[in-house]
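Quick heads-up: structures coming right below.
Heads up, the next two complexes both have chain A, just with different partners, chain B and then chain C.
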Partner chain A sequence: MESKNNWKAWLYLAPVLILMSIFTFYPLINTFFISFLKNFDYRSGANSGFTFDNYGIVLGITEKVAGIPESKVTEFVQYALPNTFLVTFITVPISIILSLLIAIGINNVKWFKKGLQTIFFMPYVTNIIAVGMVFSVIFGDNGIFNFIFGLSGTKWVTESASWQNSMTILCLYIIWSALPYKILIFSSGLQNIDKQYYDAAKIDGSNKWKTTMKITIPLLSPQILYIMITSFIGAFKEYNAVVGLFNRNYTDSGNVHDLTTVVYYIYQQLEGNNPQMHIAAAGAVILFAIIMVFTFVQMRVSKKRVHY
Partner chain B sequence: MEIKIKGLTKVFPGDIKKGRKDAIAVHDLDVDVKDGELIGLLGPSGCGKSTTLYMIAGLLEPTSGEIWFGDDEVTHLSPEKRGIGLVFQNYALYPHMTVYKNICFPLTNLRVEEPEKDFDAEGYALIVKLVKDYAKIIKVINASNLNGKINEAGAVNALCETYKISKYVAAKLYKFNFVGAADPKALSEEIAKEYQDKLNNEIAKQKNKGKTINDKFVLLTDGKPNVIRRKLTKDEMDALIREAARIVQISDFLDRKPSELSGGQQQRVAIARALVKKPKVLLLDEPLSNLDARLRIQTREEIRRIQQDTGITTIFVTHDQEEAMSICDDIVVMKLGEEQQIDKPQQVYKDPKNLFVAKFLGTPPINVFNGVIKNNAIYVGDNKIITSKKKLPDGEVYVGIRPEGFMVSKDEKAKEGEITLNVNEVLTMGRDLMLVCSNKEFIGEKIKIIIDSDVEAKVGATNLKLRENKVYVFYKKTEERIYF
Partner chain C sequence: MKNPSISTRLNLIIPGKQKDIRSTEKRDRVLKAIAMIILYAILIIAAIGILLPFYYMIIASFMSEAELKLGSSFWPMQGNFFENISYNYTETLSRFNYFKYVGNTLIVGLLTTVGQMFITIISAFAFGRLKFKGRDTLFAIFLATMMIPGEMMVITNYTTMSNLGLIGLQTTGLQSFTAMILPFLTSVFYIYLLRENFRQIPNELYLAAKVDGKSDWNYLWKVMVPLSMPTLITIFILGIIGSWNAYVWPKLVVSNQDYYLVSVALRGATLQLEERPDTFVTQTSWVMASTVLVTLPLLILFIIFRKYIMRGVGRAGIKG
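On to the complex of A and B.
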């Protein structure tokens, strides 16, 4: 019976599979392929054979221009990687903890629960570029933030702002825009926890804090793991927040591309008249490897702590 | 602990906008439970029995009425202050914790008020005492082997069970490695000396602080113990957990997760978790409804045994009359939030106060006929079944006859005290015969009666003699019993 009906299943899957093959699997494999090609020209497909130099150039090991040792310098290692790691390790834990607290809070109020859920979900349906522009107004030199805190003149997002200030606002902005989806997932997870566990905990004399730590969070651990992995991946791919907030990848003070993230770096390689497709591909593969390692580590570490 | 419930009422408010009326779940309930009794709240679903239980537990706030535990009113006390254990219908075991941790959880929240004790000294003294009989330790460890191999977990468990000690002490005993020692006697003397020294040091240390230790290891300041409020120590928790596990016979499953246990085992874990903090009252909410038929009978006897062993006052909610009848000291029959009858199980069956109680108890259920009272005689159709010496009110009534209240009569024509039924089927049930009959005055589908299997029964119109004590008469309007 099973094998007889199999072709039907494949038929249902066919449209998606065909589209995914063209737009996902082929580009994926092709990226790997291109990342090993020397002087690849994507318009003609011309190249000068296989090489590992693309990776060397991205990682700053190989000279970009042969014979000039100074050309080993790369923005990938100097700015893109540190910025990306910084953004990831600041925004992911903070946004997870915050959204968990907010979700538990919403779950515990009875009055206006629906309204609160809507309010906290609003940023999710708002365009990220538009919000970035709102942020740049709020944190502008004469913006409302400076006005409220009496910091007039402090530069946060303008070109002359320091790297530290720019990064602070960038992280704030990423955390803010990352909250709603997480709150949504946690809220639905919380609603699925049987109320009887709370009754049992009450009978067992457990206080609210202990019930949250020992009952609620362990029972929410599948959702927490899911959110952790997806938001780590999301944070590693951070790009549009930089565009939305600054529309550039440098500050005046550094006079270099010190706001670059990994994906920003990859896009940058494609700019101009002579796009460096092979360099961008190598960068993308490196990002892929980093994300894979992190996801693997997370799955490993969480194995004992997640209760399905 | 005696429980008194006075005028307990619970109303779930309705919603006028949606045209929903107030729901009265429990109405003016009065129950007294004596110390050490097992009482059953029995009724069909929606009769308010679980609501009553949750109000006693403190998870629901009563609309009015009072609940007393002994001399204390607990009506508005929070659940954790009531000193109760509650077993939920689907057990509500924490799925992410092992059985051990599940049972431990209530203990971690417990605070005790006791004279201050020196647990270190107690531990040292215990080891000094235990290592003297090193031969027994070796024997216990060797006996714990699994397929000829001794592993630590098994050995520690065996030591815990033998000596009734905590797993921490047991682990120490195991690690002394008497089994592998060349000269266990010398080893035991050496350890005994080491721990005696430790004990002496501890006593000296306390002496410097101006405290002495008595023979029960209570710290005395100027000869008086200090009462302190503290958490339980790990050793104490371990001992309590193991004791509770022993009572419900789950000692072998302590390391498992609830999902790795069968329904019956989960149920016992739930009871252990409820019992571990030694509550004054144990509440059980339909604890057997998730078990299969055989396990149900076994477990209900188990519950009875545990209840009798611990002597704990227990309230048991069920919709299964057989369950309630078999293990309860007293039964409270409820209907739509109102108490119908409180009595001993046999009494509720033998002497029902109204039609509902009569119908609710007994399998097969009681057979109810339309009847009439005329001149102090009770008729079902043309059959005059009973003539009472008492003065009875004339009018229409319900006549209920228990399935075992019939005897086959040899009379051709029905005499007084007999009823004529049309036997449709004769079913052999081994010990008994079940006759499926019909009668035009009968209310319901089929009359089921049970008679002795020695009697010959045939299909067709049959006269049956009635046992008067199995016949109950009720007013048609109020459904209250008419005693004749």
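On to the complex of A and C.
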């Protein structure tokens, strides 16, 4: 029976294995490979051999055109990387804490519980590009936000807005769109906590705050770890929110690329008539490495703190 | 909850403090009610914050352009309400080729989702029911791919599609659609979701089917699939939503506007009015109408299938 199942199982898996080999496993290796190729032409596959220069160009160390110092572009180091780190370290902690509080709050109410759960989940199914455009109208120069707070004329997201202002709205938008998934995961985690623990705490006379800190949070730690890892990955890959919120034409040369993110930088290399695959590949490998390091560190640190 | 009836009968007196249990209980109840009110207030304020962008999107698409540009009203006051609506939406629809893009999105979305479901079903069956060497290792490798940023794949996949002649200005609809669908026919997350479901189906059913002489293939489609309908509906809905919201890949591989999907078309749409000769001004109210057109179908889908969507998404975190 076992051996009979063997070849059959591989037959069932054939479609997924073929497709994933072509579109997941091969690209993974190939992108690594491309990132070390000099002057790679994706159409013909032609290149001038092995090099580390692509990483140098991305990191602003190597000149794009040898011998011309002006061709050294530091966009990645100057804007993309700091922006991405900033977005990550602002939005991930805030959205996790907020969603945890909201989930615990919803868990403690009875009336209109379903309604609240539904409302808080709504941004999850909406189009990030579309709502980003709505945010940019709300925070427009003469938008409703400026009207309410009497800030008429303050520029938040338009082309001449300051970097700080644009960044604030970007983070706000990312938090808004990141909440629903986290609230849902925490809520379903909370529902799975055995009521016995709370009854025991009640008998011991511990108050709500103590119960939350000593029972709810520890028992929710698997979900918290899961959310932390997925949120960090998600935040490092931030792209759609930037596209939706800002209508700045980054492809035009001469524009300040002050709001690009790492992924934005990668896709920028793919645009135009002469896509720079090798540069994009180097950028993607750097992103991959950052994400791996963070995921690994989080798993290591949390090993002792997560209660399964 | 059951205790008060006992305590009212007991009526314990706490010595020295001149407080009986009744007044203590009453105070507790008042405090609890206040805490509840505060909790509801916070939750409702947060909920309003979540809903506000949706509200403003809809209301802005009902305003006249002049009123919206002032940005000082929460409700359309100027002009005829219904005239504004019909004017904004007819003008938007005539410029933003909405139904064509919805058609494209539905073609790509349905084909992707149906293909994805078929592949997910047979793969989940192999992982969840059949036994073979290296099963758990292979599944672990599959799961590990979920952590890898998609950009790693996008670069090579773009090259692959280009080599297959599926990218370029001269591509046909079939070529563009193929380029958009092919890389997304597999989904590790859905395989994981369905495998979990398949594994909950009792072994006895499988053995009984074997005794009846049913083949694995028959058992899968006649027993397992019907039993897993809720999960499959979830996967279907999430798949359609995913295609509707897809932006990066469709934008990258399709250059011909005729084959754009809604999200890509929305960001690239020019909704301008020639206010004076040769002066084209983007009409914000039309932009808002176009975002409503793109968002509303999703919200309707969400309201109808709320249970399936929330259950499917929520299950991801349970195992941790």
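Quick note on the criterion: the second predicted complex is superposed on the first by the 288 of 308 C-alpha atoms of A that agree within 3 Å, B and C clash if a C-alpha of one lies under 4 Å from a C-alpha of the other, contacts with A are read in each partner's own complex, and residues count from 1 in each chain.
As a convention for this text, a contact is a pair of C-beta atoms (placed from the backbone, for glycine too) under 8 Å apart; a residue touches a chain by one contact, two chains touch by 3 or more.
What you see is a predicted model; the values in this text were computed from it and never measured.
Looking at the shared chain after the overlay, A:I119 reaches chain C, while chain B stays out of its contact range. By the document's definition of touching, of the two partners only chain B reaches A:D204; chain C does not.
Taking chain A as the reference, the larger set of touched residues comes from C, when chain B and chain C are compared.
After overlaying the two complexes on the shared chain, residue contacts for A:Q223 are found with chain C alone; chain B is out of touch.
Of the two partner chains placed by the overlay, only chain C lies in contact with A:L13; chain B stays clear of it.
In the superposition on chain A, A:K38 makes contact with neither chain B nor chain C. In the superposition on chain A, contact is made by A:F288 with chain C only, not with chain B. Overlap of the chain B and chain C interfaces on chain A: none, as no residue is touched by both.
Contacts from chain C toward chain A in the complex involve residues 36, 39-40, 42-43, 46-47, 49-54, 56-57, 60, 68-72, 74, 118-119, 122-123, 125-127, 130-133, 135, 138, 142, 145, 147-160, 162-163, 182-183, 185-186, 191, 216, 241, 244-245, 247-248, 252, 262-263, 266-267, 284, 287-288, 291, 294-295, 298-299, 301-302, 306, 309-310, 313-320.
Here chain A touches chain C in the complex through residues 2, 5-6, 8-10, 12-13, 15-16, 19-20, 22-28, 30-31, 34, 42-43, 102, 105-106, 108-109, 116-131, 133-135, 137-138, 140, 142-144, 146-147, 176, 179-181, 184-189, 192, 222-223, 225-227, 229, 233, 236-237, 239-240, 243-244, 263, 266-267, 270, 275, 277, 280-281, 283-285, 287-288, 291-292, 295, 306, 308, going by the rule given at the top.
Listed in rising order, the residues of chain A touching chain B in the complex are 194, 196-197, 199-207, 210, 214-215, 218-219, 221, 307. Residue ranges of chain B in contact with chain A, taken from their complex: 57, 59, 78-80, 84-86, 88, 90, 92, 94-97, 105-106, 109-110, 273-274, 277.
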